[in-house]
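Paired with chain B in one complex and with chain C in the other, chain A is shared by the two complexes that follow.
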Partner chain A sequence: MFEARLIQGSVLKKMIDAIKDIVTDINLDCSSTGISVQAMDSGHVCLVLIELGSDGFEPYRCDRNITLGLGLKALSVVVRCANNDDSITIKAQEGTDNINFVFESPNGEKTSQFEIKLMDIDSEHLGIPDTEYDSVVKMPSHEFQRICRDMSQLGDSIVVACTKDGIQFSASGDMGSGKINLRQSSLVDKEEDQINIELNDPVHLTFALRYLNYFTKATPLSPTVTLSLKAESPLCVTYPIGDFGSMKFFLAPKIDDEDTAAATQE
Partner chain B sequence: MATVRKRPLIEMIDVLGKNPKKPKILATKQLHLDFGQKFFGPVQCKRCGMLYSYGQSQDELDHYEYHKKITSGIRFDGWKNERRVEAIESFDRVSSHPPMKDTRILLVLPTDIKAHLKKIDSIIAHIDNELGISTTGTLNPNAKLLMCISNRKVVGCIVVESITEGFRIMSNDENNSSSWSCSEKSEPALMGVNKVWVFDSFRRKGIARKLLDAARHNFKPGHIIPKEAIAFTDPTVDGRHFAVSYCGTPNFLIYR
Partner chain C sequence: MAEGQETQEKKSSVVDVSGFIDSPLGVHNLQSAVPTITCQDECLMGIDEAGRGPVLGPMVYGISYCPITKTKDLEKLKFADSKVLSVSQREDLYHTITECNEWLGWKACILSPNYLSNCMLRRSKYNLNSISHDTAIDLIRKVLSDGVKLTEVYVDTVGKPESYQSKLESIFPQLKVTVTKKADSLFPIVSAASICAKVIRDACLTEWKFTEGDDCYSKSFGCGYTSDTTTINWMKDCIDPVFGFPTLVRFSWSTASKMLESNGLLVKWPDDDEDEEQKANCPKISLFFGKAKTNGDGPKPAKRHRYFEERKLEAVDHFI
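Entry: the complex of A and B
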């Protein structure tokens, strides 16, 4: 028997919205410590990692570790039926191939129940190595979303350069080019508007904006976002979810391609 | 004093067309995540045998096309005046298979009309491609082709040719089928089996055996070639199994 009630149902709605363009189905790995999701896109370019601790749910009950395979299409249809202030309860009985969703309005007047068929999704559990990043940048999530959106008008790749002066995002294309510089700020009143750069080594990396624009769909989940960068390694974009979980996106960088560079010069 | 050189208009358009000044865009290549996932890097398709890169859209598209080509077979709508040598009611080992509609073996000669040969050439090219041999794409003038048609598809094909001698295979080691040696002494032979091919999903049903039987009966008019007088070209692993079982001996004849 698995049962978990999320008071803020909107969190689930936002999470599903953020990943439904990247992957088509997910496995919810439920254990006594919480729920986790690991999903890679079909092109092996980015990976989504969701971790929700059991203390974010009230109540949370998981008698045995259980894996629930869900198609995101069905899931997003169902969670869209929930109001933002509803609480969402996820229930799954052992031995059945259905998962139940119960939405309750705050005053308890309206309850809705939905059932989705579970899927048997062949997936493997990947060990994500702990990485020591060269630069870790914490910034307002809406700022990051804005940068990615603006830069995608100029080109399909964004260059992220982190130095001791700050972080620079740049993109160029047929039309022209653009650069956005952000400097470390500590004098802002609100903590979530701060830009905080922890720099061990300067880094300079290129990423596909298409994926970053998928990631920034998670912006409503959190006021801040953390970008962890390391040379020649995947970027890690982290959106904390309250104080009980996080949503992480890993994205493989793009590198200068000598073969195609030579081909285009000819 | 600077002079402005006047160029004809056409030449200027030409210049513009030939050297459009592209803005320099740095070409970049998207890397992939490697967290040790199962389906990563080169994958070999179990059905069509193609090796391709999982997750690379162009490769997957190529594979899809190739897979479709291999698995859907070659369409054959039939000819008005086809040379039917045998009609097949059912295949030996087929029991669960749906009934075969209009299954027959056709004989094609290199002297047949051009329209027929054109179709044959495309079939030969397809088969050679699948067998992995360099293709001429044509039926040799001294060769005969027999093909088995079922449900408007070419499900099997055999090309035989006239030969005078063959060489006996020496190696007795059947388990190691990929390597073998043959005698240097030639023995008389009449019919050479140039290639044998059966459509993937129709294998192990005795189609090749039926084709070869038909070939022996129709190779020379009024004469049935004995099994001992046939020789094979350099066989594949599957081909060798077939030849051994057909001739009833691991020491069958080969020729080049």
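Entry: the complex of A and C
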């Protein structure tokens, strides 16, 4: 028996909106400690990792580890039927092919129930190593979204350069080029508007904007976003979900010449 | 647009194009003997093409040359733009050209429809204007290497006359080049070239043998222009959902490719999606993250112990 109730159902809606353009099917891996999802886009270029701790749910019950395969299309249709302030309960019985969703309005006057057929999804799990990143930048998520959107008007890829002076985003194309510099700011009143750069080593990496623009669909999930960068390693874009979970996107840097391509192969 | 309505007339052609008909792929050259006088006296030359627009058949480039002193004789032959002449008038004039072989020489280059399609559809596109320019340049070079004392060249333009002219002038600084529109009606020597080209193209269409098998297709394909309903109907009749058209058709023409899109089968290339990723130069994320252990500490549910499996013991949520 698996049962998890999310008081703020809108979080689930936002999570699904954030990934529905990247992946088509997901496996919810449920264990006693929480729910996790790992999925890749069809080209296996980027990876999404969602981790939700059991403490974000009330109640949370998972007797045995269970994997629930879901088509995002169906999930998105069902979740859209929930009101933003509804609570959402996910239930699955051992040995059945269905997953149940129950939406309850805050005053308890309205409840809706939906059932989705489970799918058998063959997905390979990748082991994501614990990485010591060279630079970790925390910034307002809407700012990052704006930068990616603006830069994608100029070119297909964005160069992210982190130095002790700040973080620079730049793009160039046939039309011209652009640069956006952000400096560390600590004087801002609200913590979520701060730009915080932890720098061990300067980094200089190039990424495909197409994917970053997919990632920024998660902006409504969190006021802040963290970019973790390391030379010749995938970028990790993290959107925290409340204080109980996170949505992470991994994207490999673009490779310019073949030497570096060979170097990144295991 | 009056081109070759009469090409279906069944009679042996005035010009021998059997060399091309036997292997109608690539490029085929035809030429007269080089008149001795053209190697002694200064010559002028005309260049024109036939069959640039049609979706069917080869494009033929023709050139003719003669000593400048013979200009008066040339005018007497009453050449005109090949397009305003009837088939028999053209053939008569072609005979006249061959009869004047003492002082009038010609060459032709037949570009097969297959060659045109291949050029225009290959990975680095080679457009029709460039093909035309290069063919003309090649023909001038050939005439020069034959020892003809060429001084003046008249060309019916392809694309902008100014840029074409400067292109030719830069390659052949020793020649006086004139590139204009309607050169075939302005200069008798260009008219002669255009008659050669046109007669040869007509002969190619009349004599055309389908390499796919002569009995597979009818030869009533009209004039080859896409404005001709006979041509369009013939193309619709002979389309194969997999192989498309016979090699008579220029696949690179939009008429042909549109017809293939709507009447042919769709080919799905599984590599296309991947190509797109490769174009973006995005390496796969799995190059960086190794595969997780299948039954390790990961979130994947651990396999139950053999003890339970063998005894078919399962966990239940409810007791009956």
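Operating definition for what follows: the second predicted complex is superposed on the first by the 256 of 266 C-alpha atoms of A that agree within 3 Å, B and C clash if a C-alpha of one lies under 4 Å from a C-alpha of the other, contacts with A are read in each partner's own complex, and residues count from 1 in each chain.
In this text, a contact is a pair of C-beta atoms (placed from the backbone, for glycine too) under 8 Å apart; a residue touches a chain by one contact, two chains touch by 3 or more.
Small disclaimer: the values here were computed from a predicted structure and weren't measured.
Asks: Answer with clash or fit: chain B and chain C placed together on chain A by superposition.
Replies: clash
Asks: Could you say whether A:46 touches chain B, chain C, both of them, or neither, answering first, second, both or neither?
Replies: both
Asks: Answer with first, second, both or neither: which of chain B and chain C does A:124 touch in the superposed model?
Replies: Touch partners of A:124: chain B and chain C.
Asks: Scan A:107 for contacts with chain B and chain C and give back first, second, both or neither.
Replies: neither
Asks: On the A-aligned overlay, A:66 touches which partner chain: chain B = first, chain C = second, or both, or neither?
Replies: second
Asks: For the overlaid complexes, name the partner, chain B or chain C, with more touching residues on chain A.
Replies: Tallying touched residues of chain A, the top partner is C.
Asks: Considering only touches as defined above, state whether A:173 meets chain B (first), chain C (second), both or neither.
Replies: A:173 sits against chain B, while chain C stays out of touch.
Asks: Once the structures are lined up on chain A, find the stretch of chain C hitting chain B; candidates are 275-283, 293-301 or 311-319.
Replies: Given the superposition on chain A, chain C and chain B clash at 275-283.
Asks: Go through chain A and flag every residue that touches chain B in one model and chain C in the other.
Replies: Touching chain B in the first complex and chain C in the second, residues 40, 42-47, 124, 126-129, 157, 208, 234, 250-256, 261, 264 of chain A appear in both lists.
Asks: Which residues of chain A touch chain B in their complex?
Replies: 40, 42-47, 124, 126-129, 155, 157, 172-174, 206, 208, 234, 250-257, 259-261, 263-264
Asks: Could you list, by residue number, the parts of chain A that touch chain C in their complex?
Replies: 1, 29, 31, 36, 38, 40, 42-47, 63-67, 93-95, 124-129, 156-157, 208, 210-211, 233-234, 250-256, 261, 264-266
Asks: If you look only at chain B, which of its residues touch chain A in the complex?
Replies: Touch list, chain B to chain A: 22-23, 25-38, 40, 54-57.
Asks: What does chain C use to touch chain A in their complex?
Replies: Going through chain C, the ones touching chain A are 273-274, 276-277, 280-294, 298-302, 314-317.
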